[in-house]
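Before we start, here is the structure in question, set down as structure tokens.
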Amino acid sequence: MDYSFTEQQQMLKKAARDFLAARCDKAFIDRIIKTEDGFDKGMWKEMAELGWQGLMIPEEHGGTGGDFLDLCALLEETGKSLLPAPLFSTTVLGATAILLGGTKTQQSRFLPKIASGDSVFTMALLEKEGTYAEAAIKLEAHTTKDGYTLSGTKLFVAYGGSADYLICAARIGTSISLFIVDAKAKGITHTPLVVMSGEKKYELQFSNVAVPHDRLLGEKDRGWHLVEEVLERAAVAKCAEMLGGMQHVLDFTIDYVKRRVQFGRPIGSFQAVQHHCANIVMGIELARGITWEAAWRISKGMPASMEAAMAKQLANEAYLRTTALAHQVHGGIGLIREHPLHLYYREARTSAYAFGDTAHNADRVAASIAAGAAIW
Amino acid sequence: MDFTFTKEERRFREEARGFFTAEVGGAPPLDPENEAFVPKMRAILRRLGERGWLTMTWPKEYGGTDASPMYRFILLEEMALSGLTSSGGFNTGGRIVGPTLIQYGTKEQKDFFLPKIAKYEIDFALGYTEPEAGSDLASLKMLAVEDGDEFVITGQKMYNTTCHWAEYHWLAVRTDPKAPKHKGISLFMVDMKSPGITLTPMYAVSGARTNAVFYDNVRVPKSRLVGDKNKGFYYASTALAYERIFNVGMHARMLHNIITYAQTTKRQGKLLWDEPALQREIARHAAKLRALRLLCYKIAWQMSKKIMPSYEASSLKVMTSEFEKELVHTGMEMLGHYGELEAGSKHVPGEGAFAQGYHSAALATITGGASEIQRNVIATRGLGLPRGD
Amino acid sequence: MDYSFTEQQQMLKKAARDFLAARCDKAFIDRIIKTEDGFDKGMWKEMAELGWQGLMIPEEHGGTGGDFLDLCALLEETGKSLLPAPLFSTTVLGATAILLGGTKTQQSRFLPKIASGDSVFTMALLEKEGTYAEAAIKLEAHTTKDGYTLSGTKLFVAYGGSADYLICAARIGTSISLFIVDAKAKGITHTPLVVMSGEKKYELQFSNVAVPHDRLLGEKDRGWHLVEEVLERAAVAKCAEMLGGMQHVLDFTIDYVKRRVQFGRPIGSFQAVQHHCANIVMGIELARGITWEAAWRISKGMPASMEAAMAKQLANEAYLRTTALAHQVHGGIGLIREHPLHLYYREARTSAYAFGDTAHNADRVAASIAAGAAIW
Amino acid sequence: MDFTFTKEERRFREEARGFFTAEVGGAPPLDPENEAFVPKMRAILRRLGERGWLTMTWPKEYGGTDASPMYRFILLEEMALSGLTSSGGFNTGGRIVGPTLIQYGTKEQKDFFLPKIAKYEIDFALGYTEPEAGSDLASLKMLAVEDGDEFVITGQKMYNTTCHWAEYHWLAVRTDPKAPKHKGISLFMVDMKSPGITLTPMYAVSGARTNAVFYDNVRVPKSRLVGDKNKGFYYASTALAYERIFNVGMHARMLHNIITYAQTTKRQGKLLWDEPALQREIARHAAKLRALRLLCYKIAWQMSKKIMPSYEASSLKVMTSEFEKELVHTGMEMLGHYGELEAGSKHVPGEGAFAQGYHSAALATITGGASEIQRNVIATRGLGLPRGD
């Protein structure tokens, strides 16, 4: 039993905190999320030098050979700072999909470019229905002599406008296959969506987009299995990122209620405020343990789908509650855009949808129990 | 007991509904977070003023018709049902300034201001909150110093929401720094064009504009002092009593939007409505909506019987604002990924009303008296529990 | 618009309060609920003299000709005192069923006996499934030349052991009919159940119980419709009774937190305690308005099924929350049986099941909305 | 990070599970609200004592094995999973008295009490609460006056749950009425058979017996004073640290019972389990159960690393007790009318476990430190917020 980060993980986190404290303040976020790309390319390169994009990539492919738990430890820090960059989509979605499903050739070709910060990846999965369900994938792949052509529409594609490559789920008859698609390929139309949080999202329309044979990712017709593996990791990594966010909100909230004086005393001495803060703490604690257990299980190659679904439910609930209660104790100051709280409040809302909302994950847990999974 | 409106009240409701249907019906709901909203809303209020509907409950001698508060309630409920927000600080003149002047104003003040308020030629911005005086309003610091026929005012106000368009500032300032803090505050009506006033815009999470307001030696004639000097805190507190009419028309619209979306949107081949957990949530909301509507009617009825509600208003403030959050939560969870889309985005559901609701709900339980303060009021004023803090 | 009781109703309530204050203290309740009958027969007669059993019964049948709202006003008072007596089952279930469905002969025969306190009535409705659903009625009625014989089992029959008459729902083929059955008739076996609250409940087993023709209540095969009418009234009347209970808990809780000193001050001055009390108040207010509207609508002959289902949901929630929060602010003293709180806490739980639990009533509201009912 | 137990820990868990299976497996769960429960539970504790399991974490010199707190945690978790309650005040000797004596007791006290505690020959009743000293323990009034080699004690204790069978009273009394209230309290070990002690039984809503305890000039030898005079409040507070091992074994049983009932009971031709709203509620509980289990493991791990948990214990107390209420609520709503039946009734589901759970849950958020007090601790000790009240 050991609930602590390794010394290496602590160093990684410390370095990330220092870098983000210096480079990613609210002014930076406000500026960057208004840009078309939604991230700073110079900073992206620096992040690569710090080893972030390559954290989970084997050394032979230019990475540092860390594991999934290391990546989650880093994401907890980027979540604190609400780092606006396609780090999540490139590593947790892109690199993971290629690590799990890619051929040696694909791995040699793409992973070094991820590690070096040369390629931005994302996943084009969701469609009109907006759910993480196999049946919801309607984008069609047709076989041609050189490979495939893809036609259909993807929605909510994170950094779909600035990514270099898309991991795209497509239907061939009754089953799903994955493809590594050039994001700027002919036939793809990008329409930005206006979303609540800083992550840029797009609608991508595919009209007879040609994809060569060697861009099929994983086994043909077994793509949904790979998607589920990626989603399980993505849900847990998102929880880690959310944990960072809610912990940061708690930290600055505590700081505020100690300083803010009303009725002649710090508002943190009022029982109502104290209990709100205690409720935030408990929500975070509840989400934290199960998130790290899930991350640890994944990094050890153990089954973790139940833990992932549990963690995401609790993280959703905790982050939403944290920001709602933080608003309540901040009063007026927390309600204006000059204050960072509203960014976390928006992030909490969008994160709650990412890789399965609360109902989706509850239904997964219930299905496991129905299938006989032990609750203990 | 009797839970029906009178024939006259029902006729007035029909008339009001007809008016609002003509004014806003058919058009998409006005977006209160949008700058263009202000002139549109003001135009509608002017038309209400033309009909005498802003001042129905005022005494006849001041241009009113001595109507029962029930009529004002019906008007506001129909307004909210039509999609027009009843919040946002509009008609502070009619809601707060007018009734206060009628009770405490000089003849000159009444003659000058009341007709303009009645016709909605002018409006007032509430000038209470300061950076260090939020829930603890009595600790405000902005200072007014007597100088001949004038007061000279210096200091800062915060979150004064309508200052960038209202003609007058309904300003609470300290006039006796040595008195106990509740007893050294006075109210003034300040022309917003007075030299020395500057505004810094700020935007709420909902997108609505608010302002930091700076007074630098602003000279205000003594004739603009409201009532007696140093009694301003008392006037401001009692003025809130005029405001104790709540309605849940907006909540009805929100619930209606949720039901409509659920009954018309399919996911995995099934209508969202066919999710039993969602149905139960909606049923609970529907029950709460009806129950809250009755409590709103009850306060209006009490006021029409000259029974001044006290803690009941606090309890309705808490319940309606927390209910708003519950509705928003149901809506947001129901929408799934579509819930993250904002007004103006391709595919945004409900023309952005859901997202706007999410942002506005954050304000609901804070502005106009935070839920924590309101619960204190219920406990101390309503239940007679000893003050602790 | 008028939210007040009439002067007459206020007098009725005042008289009830006085009577109950003198006669129904905790010692009385503790003693009576341990008896086999579960009520005091002398007191029952006195209640009849006060006009309680006959409140809703027309003067021609020995009652005082009040309406349903009057009865609810009285039940609010008996709910405050947790009066252990079959008043609810006799008036709200028995008298109502006969008033709504009885022939003139039946009314002349039974109503005067109810009004005079000579007959105790109850309803034998629920069966093994425990739900208020037509399909759950399995007790069968077979036609004989003299009338019917009933066979089957009823559960959760309030005062099923001490009642004189049962309003019994029975199945004939695919439809339901109601009968007025002598509770002591041959073939009925009474088994007491151990329930949480003071109301005595029984399992009644019917084995070829003979019922003459003239005991059929209402139209044959249309019994379920009558049951629904009774249940709508019963749900609302139960809400009124519950309102009395929760209001009384609030009253003695407020009294206690003003007196109880800890940390050198009355605990009612602590914000946490204040907010618990405020939350109790709001729950009660929410349930109160809709309960009285529903009661008023019924007394005016207006449709009220939506209002009844809404009121019951909110009353269930409010009473449970009231007793839970009252426990919380009472601390130790509220947890012992010498204190009345636990009786209310038990009553809240059993009342929440009576005539439809929260889910049942939510489903009814949802069904109405699905069928196009307006929410406003 | 590592979320596994060591091989030795797993082996010990197997052994403990085997023991409890043999002791209570198969038989219906013991009913802690029943008087017959006490001798049965005490017999089991004696058998645990025989195995040295009550004192594993004690130093070797006092008969322990210096085992890591993790083992004690595993033992308690398995005990709860087997259906044996870990509450009810059993083994106050081993949980609180022993560790306190090891730190502060005299040699004579250690020699006399520790072996008896280890073998569970005796147990202690906690004697803290008084009618006027509940959450505010430091305001207790029971008075001890020195008289030669003895103290003479007079006053009343309240809700001292195990006084009617425990051999000794672990009693907090005031020894210096003039000192500040925290600094005039001492701890004594009083033989319950001492002349002058009388008990009045009281019964909790759950049916469990508790007592009002009256001391009338009870003479206690000075040799039974624990540590220094007037430091009792400090000892009592630190003694709580030994108690900071929580587990959710009981909660697991409750959730298991809910699931089993839902999966085996039909209503309107459908399994209760097939109600999607219930499934979601159960899924949420399952997630919380797992998350809480991890937090329990974390505290045990921290203690095994000699990191003394502070506010984490309060936070687990709040979360586990409120979770208990949530589980009970789900169970009670699921049962419908069957939920009102009590143990001993025909048709009662789960042999009365659901109803018993409903009653016990009322106590959970109050006894052992009410949730409100625990939240204060989280805020002040855990988050460093200033004390207000």
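Letters A, B, C and D mark the chains in the order given here, with residues in each chain numbered from 1 onward.
The definition used in the following text is that a contact is a pair of C-beta atoms (placed from the backbone, for glycine too) under 8 Å apart; a residue touches a chain by one contact, two chains touch by 3 or more.
What you see is a predicted model; the values in this text were computed from it and never measured.
Engineer: Using the touch rule from the top, work out which pair, A-D or A-B, shares more C-beta pairs.
Structural biologist: Result of the comparison of A-D and A-B: A-D.
Engineer: Suppose chain centres are the mean of their C-alpha atoms. Which chain sits farthest from chain D?
Structural biologist: B
Engineer: Counting only Cα atoms for the centres, state how far chain C is from chain D in Å.
Structural biologist: Centre separation, chain C to chain D: 39 Å.
Engineer: Where the CA atoms of chain B average out and where those of chain D average out, how many Å apart are those spots?
Structural biologist: One centre to the other, that is 51 Å.
Engineer: What are the residue numbers in chain A that touch two or more other chains?
Structural biologist: 270-273, 275, 359, in rising order.
Engineer: I need the residues of chain B touching at least two other chains; which ones are they?
Structural biologist: In chain B, 276-277, 280, 372, 375, 388-389 touch at least two other chains.
Engineer: Please name which positions on chain A make contact with chain C in the complex.
Structural biologist: Touch list, chain A to chain C: 270-272, 275.
Engineer: Under the stated contact criterion, what part of chain D meets chain A in this complex?
Structural biologist: 1-6, 9, 70, 81, 252, 255-256, 259, 273, 276, 279-280, 282-284, 286-295, 297-298, 300-302, 304, 311-312, 315, 318-319, 372, 374-376, 378-380, 382-389
Engineer: Could you list, by residue number, the parts of chain B that touch chain A in their complex?
Structural biologist: Counting only chain B, the residues touching chain A are 129, 132-136, 139, 158-159, 202-205, 210, 267-269, 277, 325, 329, 332-333, 336-348, 355, 358, 362-363, 365-367, 370-372, 375, 389.
Engineer: Going by the contact rule set out above, which residues of chain D touch chain B in the complex?
Structural biologist: 275-277, 280, 388-389
Engineer: Please give the residue numbers of chain A that touch chain B in the complex, ascending.
Structural biologist: Those residues of chain A that touch chain B are 126, 129-131, 133, 135-136, 155-156, 191, 193-197, 201, 203, 261-264, 270-273, 320, 324, 327-328, 331-332, 335-338, 342, 345, 349-350, 353, 357-359.
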